[in-house]
Amino acid sequence: MAETSQEETSQPERVSTEIPGLDDMLQGGFFTETVNVVSGNSGTGKTIFGSQFLYEGAKKGEKGMVIITSEESKSLVREMKTSFGWDLKEMEQQGYISFVDITDPSLRLQKSVEIAPSELIKSFKKLVESKIEKEKPERVFVDSIEALFLAIESNYKLRTMVDDVFSVFRSHGVTSVVTVGTLFGLNDVVEYGADSVIKLERFKTGNTLQRSVYVMKMRGSKTINEIRVLNISDNGMGVLAQSPYL
Amino acid sequence: MAETSQEETSQPERVSTEIPGLDDMLQGGFFTETVNVVSGNSGTGKTIFGSQFLYEGAKKGEKGMVIITSEESKSLVREMKTSFGWDLKEMEQQGYISFVDITDPSLRLQKSVEIAPSELIKSFKKLVESKIEKEKPERVFVDSIEALFLAIESNYKLRTMVDDVFSVFRSHGVTSVVTVGTLFGLNDVVEYGADSVIKLERFKTGNTLQRSVYVMKMRGSKTINEIRVLNISDNGMGVLAQSPYL
Amino acid sequence: MAETSQEETSQPERVSTEIPGLDDMLQGGFFTETVNVVSGNSGTGKTIFGSQFLYEGAKKGEKGMVIITSEESKSLVREMKTSFGWDLKEMEQQGYISFVDITDPSLRLQKSVEIAPSELIKSFKKLVESKIEKEKPERVFVDSIEALFLAIESNYKLRTMVDDVFSVFRSHGVTSVVTVGTLFGLNDVVEYGADSVIKLERFKTGNTLQRSVYVMKMRGSKTINEIRVLNISDNGMGVLAQSPYL
Amino acid sequence: MAETSQEETSQPERVSTEIPGLDDMLQGGFFTETVNVVSGNSGTGKTIFGSQFLYEGAKKGEKGMVIITSEESKSLVREMKTSFGWDLKEMEQQGYISFVDITDPSLRLQKSVEIAPSELIKSFKKLVESKIEKEKPERVFVDSIEALFLAIESNYKLRTMVDDVFSVFRSHGVTSVVTVGTLFGLNDVVEYGADSVIKLERFKTGNTLQRSVYVMKMRGSKTINEIRVLNISDNGMGVLAQSPYL
Amino acid sequence: MAETSQEETSQPERVSTEIPGLDDMLQGGFFTETVNVVSGNSGTGKTIFGSQFLYEGAKKGEKGMVIITSEESKSLVREMKTSFGWDLKEMEQQGYISFVDITDPSLRLQKSVEIAPSELIKSFKKLVESKIEKEKPERVFVDSIEALFLAIESNYKLRTMVDDVFSVFRSHGVTSVVTVGTLFGLNDVVEYGADSVIKLERFKTGNTLQRSVYVMKMRGSKTINEIRVLNISDNGMGVLAQSPYL
Amino acid sequence: MAETSQEETSQPERVSTEIPGLDDMLQGGFFTETVNVVSGNSGTGKTIFGSQFLYEGAKKGEKGMVIITSEESKSLVREMKTSFGWDLKEMEQQGYISFVDITDPSLRLQKSVEIAPSELIKSFKKLVESKIEKEKPERVFVDSIEALFLAIESNYKLRTMVDDVFSVFRSHGVTSVVTVGTLFGLNDVVEYGADSVIKLERFKTGNTLQRSVYVMKMRGSKTINEIRVLNISDNGMGVLAQSPYL
């Protein structure tokens, strides 16, 4: 029979999401050592969410790690600089943020079409494990998870492998933000394995495009059960105490 | 010709669901020795339902067993402690609740991608059978069933195996709560095999997220034919004598 | 050229459905020697319908046979006793109702995953044929047909085999009630092969769950073209001369 | 280059549908030597339509042929007698109506699961050809076409074979009514190959089930572009000069 | 690098559609040497559109060619004569219209189920090419394209082959009207390869069936952005300067 | 660990879209060296968008390249001349615009059905790379991308190859406009890999067809969150400061 360890029952700490207004919706932020999925279509602001989570944490001295999984995530550094003036490079030089780019050829982990997808995920797990052990980040941001999992066609394998990857983060004591897009319904499976799910939406209302956010689930915590306006300004992302569809 | 045994026709007893307000909807609780499915999306409160069913039963001296089927169910003990102050660990130490974690390597039943899925289910049945015979629980909570069945691709096999697994619980005299998510429509098949189905929902109304509950079916019993508000407070889950969509 | 036999043109007799109010909708009940499909989701009352058809017939001295096709149908005897006080066991002892449980191992017809599905259906036909010839029931209730047919993946085979199984009932002069669920659209095919189709529904209206019934088709008879409320009380199922959605 | 024959350009004659009110919608009935598809769900009255087309024609001295393709169509003779008093048997004895039942074992054309479906259709064509040449009917009623075609899985083969079967009827100078159900969207393909398509519908409006009819297409003719009420009384089927949804 | 030839930049001429009111919607008719797809369900008037395009052109002395691809298109000559008095036979005798019937056995191009579908399309291209070179039509009407392409199951091949067939027409300087039905979404692919797309619709409004037309796209031209009523009278098809849904 | 280079953090320049009113919506135009997807159905104006982007750029002295991927894109030169008077030929002769037509047989890159689709894409990448290195365009317009990718059936390969092709453009410092249609949902995948996505729509409102445009995403930039009217006149395409659906 499985033994449940002593620390499982101690009161867990919270980590700020660094998104003004969102900690309130979560009654205090993410739990430490949990996997928190940010789910939304292309263009809803997932990358900004994760970058803000890391950058603002780093400013407070909490080490962060960005895990980049595909070509188009590589421009993240530049985009955050121009959009909000967040200098992730500088943070890297000061030792507060480290980068793991799994598309980097020197890592020999290229998303090759020739490699079996489950092999790629195993290599990914090993690489992430060693990087986390070396850099010891408190916060991890994966941008984004779907590039890894699109190759898995069996629902069962998919569910099992999401469990496996997420347990790497949990077992190393990091608090992670993992973004996932809605291509092919992959987010449905990823959300099932998460400790919390934040949903970002962008939709037409009349002739306007509006952003909103809500907490789809959060294990072990009460949450505010409202859909709220998500605002992006020169200072980054924030939740307004106001509802969309006005 | 099949003989129907004497006890099949005796008046069956009821077991409280331990969810305030729900026993009324079921006209007295679950029937003993039945399989009761709790069905809902990620974030609707299925784990809280099952934990409350076990914990409150244990407080009354009825032995319970939790069957954990995947990585993310493992944090259940901690979550129930922080959310509601339910100390399942303590209950375990006092002998009122036992844990079966099928992801525990020492059980040699790992959800390996390499094992044929029907073999896994056979092993699961055998393990559960021996654990139930050893621990003799009155209440069993499976969190959650879909991790087992996602690997089965034939509708026919799926239906047959759900029947098989459920008959293990029925034949050992336990009253069980089995949660199932709605990924890939798997819940449709699981619900067909159940003695009762409780549906949990969480949905947007305007800019609010609301929880509701209704009894989709209950074999051999009348039920209250209403959709009611499901409330989660610091004391756990309860049904309000009130309808949603206000 | 096919010859049509003399008796095909004689005026067919009617058999009461035993559901108060439903015979009126059918202008006098089912035709004798026909296959009557009762179609609906899990929890709509299909098992009650078939049991009432048999039990009330048996009370009038008409022999009945229940054909059980899956594990969860086995509790039918107990459920009817506790819900409505119908003692099918007693009826069996008095020789009015016989049971055929195809999941009974002694019949060597187990729904084994190893047996080819079309073989299973052939064995089922043979077994049912011999049981009907031995017991000579006037009424047969199959609960439920989908467990047999879920394994058939070709639309064509499915249609052909439904035809085959239904012709066993027709050719032995029994009037049968066959229930079918709506999993995977299987009911669409089964309904095409039936002489009549009764649809049972349970749906949300506002915050209430309501039951309704209508006659989808009845070959060779006029029917009342209305959707009516289906009521389940301590005495069983009945149709109200009243429409739902009020 | 293909030569078009002289008679193709002569003014085609009309054949009454024998459904009161429908000839008006078609501006005079079906064209002779055409294939006319009657399309609708189970229970919409397709068999009544075809039987009335044949029976009323036979009363005027026009020879008819019924082609029965599956078990459940066999009860057509009995149903028409009890519902409307149409004695197709008597018409057969007087030589006005002949029956071709392709499920008759003596024809050695059994819808065997073992025979390749395209072989079955070839045999069907040959059989129908020889029967038509022997009996020389003016009207043919096929009840129903989908049993033949459900086995064909390629869209292309399906389309080609519908073309082939329909050209048998056209080339032998008969005016045919072919019924088709809406299982698996098969009707879409069959309708494309037809000279005219009559749609029968039965739908819920409030708490009533209503029947309607409209002309979906008719090659070479104007039609009345209205949806009208279809009424079934003791005398058969008729179109009311009235619209449904009132 | 590809060289673009001199004549590509000269002002293209227009060809009247011969549908009163439609040239206005296209700002002057089709461009010469383009492929113009007419897309709509069964019964929307696609065959009338193409026949009118050819017949009225022939009356002005412009040679036309009809390409018939399936059995049911063969009755086109008779239908146009009876419906509108258009004598395509007479036009053929006067040398103004030629027919290519690819179902004609003497062409040895039978749509055989045995021939690989891509072979059939290659043969079709060759045949059409030689016929066009021999007859030198200015206008071509293909009724209809889907019979050729239904056999192609790969999206990629389908797209490539539509490109190939359309380039035969473009490269021989003919202006073509190609009809396509909406079976299996085939029209989506065909429309992508076309120079213009005219959509014909027939839909229920209340208890009436109404016809409408609009220009979905036209490369290189402005169009009137309105949905208009399509009227079919004894003189053929015409567009009313009026909108449907009134 | 991946090193992020110095220039990634410098302020990126903007390139005008040349569509009046659109630069405002993007807060200044596209970023240089990005891949900008223009997504919409057949007939929404994607080709005009890309041509205007190139032509107006060339008029200002910025070299452009058109990459043509299928037969029907070849008429682009003629269409732009007749519709708007844009003489791309003349621009080519003056050295401002170059053409790469991958359907040109002399390139030996024919979209052959025989070549494996991933081989075709590799050849495409190599060809485009060499052409860009030779011609050194500042602006590239691909019309359209879906012809290349329709052959890829695995979601994973598709995503990976879109990444690969887009990185060719990014790594050579060109600013590219890539059009994609909505066939088979291919656009969903292409949009995920893009730096910005502009959505063009054409839809029925009442009896009118209206054009609209909105910015679905733009990495690293604020955008105007409105749906606006897209107008096509004799001078080309422009965005009105006005919303559709009036």
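First chain written, first letter: the chains are A, B, C, D, E and F, and each begins at residue 1.
As a convention for this text, a residue touches a chain if its C-beta (ideal position, glycine included) is under 8 Å from a C-beta of that chain, and two chains touch if they have at least 3 such contacts.
Owing to the predicted nature of the structure, the values given are computational and were not obtained by experimental measurement.
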| item | value |
| --- | --- |
| Any chain that touches subunit E and subunit D | none |
| For subunit D, the least number of touch steps when starting out from subunit B | 2 |
| Same-residue or different-residue interface between subunit C and subunit D, half as cut-off | different |
| For subunit A paired with subunit E, centre-to-centre distance based on mean C-alpha positions, whole Å | 53 |
| Between subunit C and subunit F, centroid-to-centroid distance (C-alpha), Å | 61 |
| Where subunit C touches two or more other chains, by residue | none |
| Category of the chain touch graph - line, ring, star, complete, other | ring |
| Subunit F-facing residues of subunit A, complex | 42-43, 47, 68, 70-72, 75, 77-83, 87-89, 92, 98-101, 104, 107, 111, 113, 117, 131, 147, 150-151, 181, 183-184, 204, 206-211, 232 |
| Subunit F partner contacts - residues on subunit E that touch it in the complex | 1-2, 4, 8-12, 118, 154-157, 159-161, 163-164, 166-167, 170, 188-189, 191-195, 197, 214-222, 225-228, 243-245 |
